[in-house]
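Heads up, there are several structures right after this.
Look at the two complexes coming up: subunit A is in both, with subunit B in one and subunit C in the other.
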Partner chain A sequence: MREVSRDRIKAFLTLLPSIVLIGIFVYGFIGNTIWISLTDWGGVGALAEDPQISYIGFQNYVDLFTGFLEGRFRQDLVNAVYYSVLLLAGAVGLGMFIAILLDRKPMGEDFLRTIFLYPMSLSFIVSGTIWRWLLAPQGGVNILPTYAGMEPLSFQWLASKESVLLFNWQNLLGIILYIAAFILIIVGLLGLKRDPNRAMKRWILPGVIIGAIVWLFGDLLPQAMIMEEMHGLNLATLGIILATVWQYSGYTMALYLAGFNGISQDLRHAAMLDGASEWDYYRRIAIPMLKPITISAVIILSHISLKMFDLIFAMTGPDNAETGHPALNMYLTTFRANDFAKGAAIAIVLFMVAAMFIIPYLISSYRQQKGE
Partner chain B sequence: MAKVELKSVVKRFGDVRVVHGIDLEIADNEFIVLVGPSGCGKSTILRMVAGLESISDGEIYIGDRCVNEVDPKSRNVAMVFQNYALYPHMTVHDNMGFSLDMAKRPQKEINEKVRKAASMLELEPYLDRKPEALSGGQRQRVAMGRAIVRQPDVFLFDEPLSNLDAQLRTQMRMELKKLHMKFSTTTIYVTHDQIEAMTLADRIVILKDGLIQQVGTPVEVYEKPANVFVAQFIGNPPMNILEGTVARDQGRLGVRTKRSFFPLQEDRKNLWEGQKVLFGLRPDAIKIGDSLNRIPPEWRCTAQVELTEILGGQSLLDLVVDDEISLIAEVEGRVQMQAGSSVEVGFCFDRVVLFDPETEEALSSVAQLEGTAEGTTPERDIAHKKEIEVHTN
Partner chain C sequence: MERKLSPATIVLYVVLGILVILYLMPAYMALVTALKSPAEISLPTAWEWPSVINWSSFSEALDLLKPNLVNSLILTVCATALSTVLGSLNGYVFSKWTFRGSEIIFTLFLFGMFIPYQVILIPLFQTLRAMNLYGGLPGLILAHVVYGLPITSLIFRNFYAQIPTALIESARLDGAGFFSIYTRVVFPLSIPGFVVTSLWQFTQIWNEFLWGITLTRHSENPITVGLAQLAGGQAVSWNLPMAGSILAAIPVLLIYVFLGRYFIRGLLAGSVKG
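Let's look at the complex of A and B:
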């Protein structure tokens, strides 16, 4: 008993410096940022030696989400969501695809692996600059078809003003719920064959109910906007997404390849004898087995995309509204406009979005550990 | 249900040949065990039958079909791996039903078949568990269930019991035997454990360095090993191999050791006086005490006891005959004897096996010799002539 408590004290003392430092410099500063976001620090006197700061509650957040002047922040947020989704789909999908190709041990596998992993080692500023040149209106990518004797492309990778998948900000909640209902129903339909009862109860029914509620009650949100405000996927962000996918699919490939290599060959053989094709093997055995890797990849990439700053800075500069990102916006708001309180609010919004990804992950891994 | 046939099957990995032309016919419903030391190519042969390794040379037939170019999944064979190779993210039910699912069978049929196999293997309570939540024995059963559910033409087992502890291994061995009696599906079973081979097999194939040493029923390979390797590989403790010279005493052909002479039961035409031989005696062909009565006096001699080991019902005796020849005897009952004491032992010389000391091949008995007249090699004939010359001098 005494041994144990002495060990505990020792452990505590060893950890104390890190606890204090993390307490101050991580959690203390997060707390401070939250506090600042609830004040009106900013504007003309913001840099005064002793600025006038007063508590204004959630006004900064209300402004950000509904204020007439903050439309750009909302577009940035929408950009960040599309950016994350497309980066995840692109980097995980492409990485997995290359990993599957390399897992079949083609000639020069080692060499190819290095080639695909190589972009990871570049700094975002470097790859951003390279891709800015490649994606220039008359540059690399657009003139590729001419090598095959075709017309050059004329797509404005980084400067297009077009936007697709438009929606009214006012309808945001409704749209999110529609998407949720859609996903629930699809999952339910896929599971219908295996376990109809469970699929009905757990997936299809809630999906239908949510869908019906939104359909019956419309937007669900109070009419906070003074007019219709359309947001969508700005095509100018495609160039940035392309560059990020290029930079990160090698990384996901390495993750998956390590995972595939870790699966016993006997499993592949057992699956083959059970009548599975190569495709079945990956779809039904290998990829589901690597779920933990997929989850880590998603967590890591979503963080990278939510915090993306330098790549966009290098490719289109901080001022291009079409390719804006909340992190850039935060920088501009805080240090160019000296609107510290609003910058802090943006930081906290980003923090919350990141938490939405990480907290479920932490909870599930904690549960798994306890389950063992 | 199918017979399996291997015709001069060769396997090369790069320049290295690991299987050197295997010929083997496995009858429908037969339980064949491939046994041999580690690295002798057992798994490789099994995997060639399964289609997991290409066949470098020769042909493999399953049923009447040459399967050299047939995909593993179209061969309709099921394999149980040493490490079970269960799909870790699937439940027991899904593991067992996977092949049917791949064959696009209706869910209802899958559930039915899985349930039936599970009840046979006493796996019903575990159908919703993942493999990680099962014991080694249960995993083993799931692996078998997965094979059974498919109703394959051939079962292939690659050392399925070697990851289990000794007790469970014995139990699973018996279950396997029962399963085979129930399904009577052609089975090829690989093991390095000669006890598994002896207990399970209809016929045993003994391999060494990618070559078949002998094919035969368990009794055949035990009593009539084709060479010294088989004699020592099969049986535990292994066969005693002793040196001797063929001689004739009072008109009877026999084997002379330094001080003793043991007549053979019958004359053999392929032996000549003065020929050096190795002779093999199973430990259980050496008798002491009461069981001596059944041994004629000319097959008896005196031995010194070096050590006794009691194994419950039997005892092992380390004996020395003629002051120099060590033997192990396995006798009934609990025998307690002083080290160094003398004991009269009797050899069941009707069970003796003679080997050529150079080739280590068994010297076939007359009956076998008549079947294959060209069995004697030219070298042996020359040696024979020399021997005669020496005698005439």
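Let's look at the complex of A and C:
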């Protein structure tokens, strides 16, 4: 027995260096960044031996969300949210579609899979450089229709000044509440079949009440700013979305394909015998069964889109306001303008948004492992 | 299975054919542009095959990017080797020597894989400066090893979960201890795990950009930073960036084409819970 316990100590000591490294480099550093974001570290002397740093509380965050000078950050944040949602829809939709096609086992399946997945192995700098050339206004993608005898496109993929889906930042609180109400109602509707009573009480009713209150009394909510400030999806971002979907739809395809292959063929045959069509099989059986895969894909892709830096850097350079993203803004604020405290605050905002997805995911996977 | 040429099958192949063309378009564009002489590159004829094939862009791009390629090679080989070995040991402990709280520690490790790296960038920058590692490759290697630990530990933990515990038990009854079980039983069975993990780490580190641009000085820039600078100017002649892109992509593309199975396993390990 003593041998075994000595081995256990050896096992722990083997792990210890990694625990210490992760403890410092992940958790310690996140804590340090939180602290920096609460100070005024920055300016000319920021990189001096012993810079003057003082604690200023949440001032950096207040500036970022309501200050006059930080409109660029707010636009970047709004743009990044739209970017994430569109990337998710595009990459999950297209990836699932290709996986369903390949699940019919066409000839050359291996070859086809290789073609759809190769973009994923490339660096964002490589794909960004190529896509920047492809999206040049008078060439590349825009002149493709001329080969089919049509007029060339004239869309300014990366430089368009137009934006759509605008909303007034002053009404931020109301919009957040509307989104919360919407999510509550959707969750409720999805759960309606399983437990109508609970779904009504816990989800739909609160959702409807919140929505109604905001609709009726929205004018009384405190406004985020004194002045009107419109933010929306910059159409120039569509070029970035196109390139990212090209690069990552193969990834979701590989996930779904692995999932489809894991489903027993008997289940498919049984469904067919019951008179289900191919379409019914995917819609009612295969895709619902692969819900864990869909969740993984959503988590990974939203993580990628929230830290997206390289691709935008390569496609438009870091300064292009039309394709702004908080990750680039953080880089410029920190390493160009030497405003370390504000850069840290931007990083924490990004981190918080990412954590909303990741922490529930990790907790549920931890519970599953314990349950095994 | 008997295959008939039904309308549905024809539609399937047509749709797949269109998709294949769409996915290959960027690669085709990179190749044609790299093979043109600068004078022949113009927007309206961007898609056309060059009238004279000009290979000199590749040697010119290679000259410009050679220091970056060498840096990336050193960085990638060192960081991949270290993080894979550490990941293997960690995975061995996490799957075969679990202790009270090891699952929590493992989950806390995984969290490090999902953070946007901007959130640790400033302290990392400061720490490397304080350790006198800022600007050079050793600092970058350290960063890649540390932040590679979650994924390498995850892949090996799931891989070792397939080794029957009975095998470990019988080795233990034969008097083998923690390390001799690893070297005699676990390690010899680990070759596929090492292949999957090191290929995954190799492509990730080769392709990384954010740390490359913020933590290294000019002479130590990895290939991604070199390529971004080559392509970044306003008045670029596009043959060089395209040739550079192809050069930067070749190592990972070779891995992907020839060892694609292992690459896909790494990719699935990073997302599907084991």
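Criterion: the second predicted complex is superposed on the first by the 326 of 372 C-alpha atoms of A that agree within 3 Å, B and C clash if a C-alpha of one lies under 4 Å from a C-alpha of the other, contacts with A are read in each partner's own complex, and residues count from 1 in each chain.
As a working rule, a contact is a pair of C-beta atoms (placed from the backbone, for glycine too) under 8 Å apart; a residue touches a chain by one contact, two chains touch by 3 or more.
If you're wondering where the values come from, they're calculated on a predicted model, not measured in any experiment.
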Partner chain in contact with A:Val26 - subunit B first, subunit C second, else both or neither: second
Winner by number of subunit A residues touched, once subunit B and subunit C are compared: C
Touching partner for A:Met272 - first (subunit B), second (subunit C), both, neither: first
Which superposed partner A:Arg202 touches (first subunit B, second subunit C, both, neither): neither
Contacts of A:Lys307 with subunit B and subunit C, given as first, second, both or neither: second
Overlap of the subunit B and subunit C footprints on subunit A, listed as residue numbers: none
Residue numbers on subunit A that touch subunit B, as the complex places them: 193-194, 264, 266-267, 269-277, 280, 284-285, 288-289, 291
Of subunit A, residues touching subunit C in the complex: 3-4, 6-8, 10-12, 14-15, 17-19, 21-22, 25-30, 32-33, 36, 98, 101, 104-106, 112, 114-127, 129-134, 136, 138-140, 143-144, 147, 246, 250-251, 254-255, 258, 292-293, 296-297, 299-300, 303, 306-307, 309-310, 313-314, 317, 327, 330-331, 334-335, 340, 343-344, 346-348, 350-351, 354, 358-359, 361-363, 365-366, 368-370
Subunit A-touching residues of subunit B, taken from the complex the two chains share: 47, 50-52, 71-73, 77-79, 81, 83, 85, 87-89, 98-99, 102-103, 107, 146, 150
Complex interface listing, subunit C residues touching subunit A: 1, 12-13, 15-16, 19-20, 22-27, 29-30, 33, 42-44, 46-47, 86, 89-90, 92-94, 97, 99, 102-105, 107-112, 114-124, 127, 143, 146-147, 149-150, 153, 172, 177-179, 203, 206-210, 213-214, 224, 227-228, 231-232, 238, 241-242, 244-245, 248-249, 252-253, 255-257, 260, 263-264, 267-268, 270-273
